[in-house]
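You will see chain A twice below: alongside chain B first, and alongside chain C after that.
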Partner chain A sequence: MLLEVNDLSLSLKRAGKYSKILDGISFQVAQGETLGIVGESGCGKSMTALSLMQLLPDKARLGGKVDLQGEQITSFSKRKLEKIRGNQMSMIFQDPLTSLNPLHTVGTQVEESLILHTKKSKQERRDRVLHLLRAVGLPRAEELIDEYPHQLSGGMRQRVMIAIAMACEPQLLICDEPTTALDVTVQAQILELMNDIKRQTKMGIIMITHDMGVVAEVCDRVIVMYAGKIVEEAPVIELFQNPKHPYTQGLLDSIPKLGERKKKLGSIPGTVPTPGNMPAGCRFADRCIHAMDICRSTLPPMINIQENHQTACWLYDEKEAKNDGSARSTELETALHN
Partner chain B sequence: MDALRFIAKRLLLMIPILIGISILTFAISNTIPGDPARLILGPKATPEGLEALREDMGLNDPLYVQYGRYMAGIFQGDLGESTYSQRPVADDLIRYSPATFELTIFAMVITLLIGIPFGIISASRKDKIADQFTRIFALLGVAMPAFWLGLLLLLFFYLRLGVFPGSGRLDNGMSPPDYITGMYTVDALLTGNWPVFISAVMHLVLPGITLSAVTVGMITRMTRSSMLTVLQSDYIRTAYAKGAPENRVLYGHALRNGVMPVITLLGMAFGHALGGSVLVEAVFSWPGLGQYAVNAINYLDFPAVMGVTLLIAIMFILVNLIVDTMYFFIDPRLKHN
Partner chain C sequence: MALLEVQNLKQHFTTKKGFMGEKTVIKAVDGVSLSIEEGKTLGVVGESGCGKSSLGRSILRLVEPTEGSVKFNGQEIVGMSPRGMKELRKEMQIVFQDPYASLNPRNTVRKILEAPLLIHGTGNKKERQERIESLAGKIGLRKEQLNNYPHEFSGGQRQRIGIARALMLNPKLIIADEPVSALDVSVQSQVLNLMLDLQQERNLSYMFISHDLSVVQHVSDKVAVMYLGKVVEIADVKKVYKDPLHPYTRALLSALPIPDPVRVRNRIILQGDLPSPANPPPGCPFHTRCPMATKECAEIVPPLEEKTTDHFAACIHT
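Up next is the complex of A and B:
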């Protein structure tokens, strides 16, 4: 397995005390696989990514284990981490406008990873930078190499970011909302580029997004996060066809579908609980229309729906479903299948 | 090209600013109560003699006529004659200003060499001991009055320890180096006159530290806050994500971005040091413009006061122009927009 994340947790210091941002995050990414992480703002998607890269604020407490190609990187020293960042694993950020250094040329910024991680000569590095710029679909690479980020459009800057991330041919690429800050047409181009890269390399990709369209476009498997925990994990087609967790259902319900006459898009009432005020039971219980007594008192475990499809919801626990009355669960089953 | 147009525009803008300053200084010097003629002739002067001298100096004319006459002179390079030294003010300025420029530049070098590194250390070790120490140091620098710090330094390093000289520009009996710029350190260096160079530097230390205390504090604080903002930026995170070690991120990515507001402040700090030299020169008997200006005020020597004020104003504007021009070379965004 390329990446194995085991019981990852993260606490950040806020207003003098630590509060848990991530809790019990476990997942895997295989070589050549694209894993989507979805959820609304503040659910901990980006923090999961930054935890993998260990690009966290000074006073963050990271728990659990992260193994990259069999090496436990959570126990790595600062220097060892610097050697794998940008080399074995790279990251692309949300806002290409602010993610590039305004005072360095495009060429310098792409070249930096090569200087840090390879022993290439100056000429070799220049050739590689030119090759990378062309590979991410940027025109007139020879001129671009000496231009500054402000001379480029948003889409071009994101292509430069991708070139930077790809410079050392990483095994794992983490993309944090890479298309969110871009125009719709540019979004499509960038996604196409991501798919090209996927086909050409055996990289594992983690695609963080709140956009279900992006998920459908590039992901093989999806994790749904809610309030710092994973609530559902399934292959992408399975997730779209057969969502199990009420939160996932709500998320998919809120997307307009072409050719479908629907009076009103679904929305999920209420707001996400804040770190430090997490309820004892299921974190979604307060917003869930199916909430049972046990949901408010006890955290649901991951329950297997079928192979590769798991969800953290009491509705699918055989014992609980029985206790709560079979009438309700059959009603639910029919509701879900319609 | 754009930089040239920018400089030309700024140079033209200097004219109204200088006219404004000249009007202001002229008006203020003439509202000071006192009679220059009486000061020149002394207590035994006859009323007729006073009247004749006033008429001769043009003091009986309306203020705007006096001002017009003064400005007409300036455009011919004539700054008037100092009533105290009996020499043309222009000659006096040339004689006294190198000492002040030398001291001010020395103070600015100290400011750069201490202020910016301290600010960087402070920002990169935020809230740690090094940061706390630097912040207290910077606060002390900003808060301490220059004349008081000057006296303390004199007391300790000159009277008690005797490691640094306490007054003047050179040791007693040493003759100044051949005149090239008027700045003894520079002239001694150019002529290879090492004993004079060392003596001149030693004499600069205490007044230089005194003069730079405030500006070091200013620059340290500005560098710290600017670097802290920059270190929060997305492109710093990108640099770390590439696997760059902390020092490379700090000096390769953050410093150039963080130093920009500091450069603006450096221009201001230079002006501050130039103005502050009046007090510091008094404490260390430094024969520069500050001393000259203090004497001129005591003797109601209006042309001299006007001359010093205008010279300092021009220097201040020029330094800020140089500072602003530097942005064109640091920030590529200005070159293309």
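Up next is the complex of A and C:
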């Protein structure tokens, strides 16, 4: 397995005290696979990515285990981490302008990790930079190499970010909303580029997004996050055709679909609980139309629906399903057939 | 007669650039004509910077249009006196994208909703409170929540408060500028449902501005597609989405990621980026990226023409 994440947790200090931002996050990414992470804003997608990279704010408390190619990187020293960041694993951020250095040329920034991680000569590095700029579809590479980020459009900057991330041919590429800041026609160009990269390399990709359309376009497998926890995990087609968790179902029902006009959309009442105010049981209980007594008292475990498809919801617990009365089982029926 | 009739509207901004302060003119809106019928929704789509917000603002004269005509109920409002404008503002309201920035953080929701009534001297104290409470109910707020401040509400609730404020004076037209773009999908759908309910109940007209093609399709009767300050296609929503005529509309629609992993995609990938509105290409503004462009396209500015019944497009090759 390329990446194995085991029971990852993260606490951050806010307003003088620690609150848990991520809890019990476990998943895997295989070579050549694209894993999507979806969920609404604040659910912890970016923090999951930054935990993997160990690029966390001061005083962050990280728990659990992350193995990259069999090495437990959560126990690595700062120096050892710097060796793998940008080399074995790299990350693309949402906002290409703030993540590029305005004072350095495009070429210098793409070259940086080549200096850090390879023994290439100056000429070899220049050739590699030019090759990378062309590979991500940038025009006039020879001129661009000496230009500054502000001279580029949003789409071009994101291509530069991808070139930087790809410079050392990482095994794992983490993309945090790489197209959210872009217009739809430019987004299509970048998604096309990502799909090309996928076909041509054996890289594992983690694609973070809140856009179910993007998930459907590029991901092989998906995890759905809610309030700092994983609530469902399934292969992409299974997730869209047979969503099990009431949150996943609600999310999919809320999207306006082409061809359905002025129809009432599904929506999820209420709002996400804030870190530090998490309920004892299921974190979705306040907003869930199927909530039962046990949901409010006890955290639901991950339950296997079928191979590769799991969800954290009491509705699918056999004992719970048997225990509850007739009124509840009709509720269950509707939920199961949704 | 249409409720709103816009003819050849232009909104040009002059900015100073660089150390030398050379003047550049940005043609944010460049000769837009459109109309909105009573009780109907016109969707306005396009990529960022194409002039959607500028169009909405200059229709309401929040910025003074450079040229053109805007008729509301047959009455010309470009050049109208401030007093006449104040009366008309009751009929035309705006809802903004950012529910955080558009509500005064120091006022309670009750005060925020009362403000438009006070400005226009509508009703006595009791009538005003009745109206506030009835609208609060409509947007799903409890009476006691009216005494809370904006920061105590979620993004979706704040956007619904913004809509309630726009409705206080019983307008006929609401210009909604990206009203759901800052919201998560599950909350976005609550706001869209509310807007559609209110439209039915009050026969409201909407100009619904958004960069999100699926949202626009969902709420609109007619759709206008903008590119670099110009409307390049305008027609009934079904025609635009099923049978788009302009090459830009086709590319835009094909670029939309569809939330269905088994659907086969036929994507038109456009080359390059949006040109700057300060320096738009000559001829057809789309010719630098158009897959169908020919030599003439760089020379002729294609007029917005009726290609089939009630279906207008600005392209010399369709």
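Assume the second predicted complex is superposed on the first by the 322 of 338 C-alpha atoms of A that agree within 3 Å, B and C clash if a C-alpha of one lies under 4 Å from a C-alpha of the other, contacts with A are read in each partner's own complex, and residues count from 1 in each chain.
Methods note: a contact is a pair of C-beta atoms (placed from the backbone, for glycine too) under 8 Å apart; a residue touches a chain by one contact, two chains touch by 3 or more.
Everything quoted here is computed from the prediction, not taken from an experiment.
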Side-by-side fit of chain B and chain C on chain A, or clash: fit
Touching partner for A:L191 - first (chain B), second (chain C), both, neither: second
First (chain B), second (chain C), both or neither touched by A:K83: first
Partner chain in contact with A:M302 - chain B first, chain C second, else both or neither: neither
First (chain B), second (chain C), both or neither touched by A:F93: first
Which superposed partner A:H117 touches (first chain B, second chain C, both, neither): first
More chain A residues in contact [chain B versus chain C]: C
Chain B versus chain C as contact partner of A:L130, first or second or both or neither: neither
Which of chain B and chain C A:A60 touches, first, second, both or neither: neither
Partner chain in contact with A:Q151 - chain B first, chain C second, else both or neither: first
Overlay on chain A, chain C to chain B nearest C-alpha distance, Å: 5
Chain C - residues contacting chain A, complex: 47-48, 154, 156, 184-190, 192-193, 196, 211, 213-215, 217-219, 237, 241, 251-252, 254-263, 265, 267, 269-270, 272-274
Interfacial residue positions of chain A with respect to chain C in the complex: 40-41, 139, 153-156, 183-189, 191-192, 210-217, 236-237, 240, 250-269, 271
In the complex with chain B, residue positions of chain A that touch it: 53, 55, 79, 81-87, 90-91, 93, 95, 98-104, 112-113, 116-117, 148, 150-151, 161, 164
Touching residues (chain side chain B, partner chain A) in the complex: 233-235, 237-245, 248, 253, 256-257, 330-333, 336
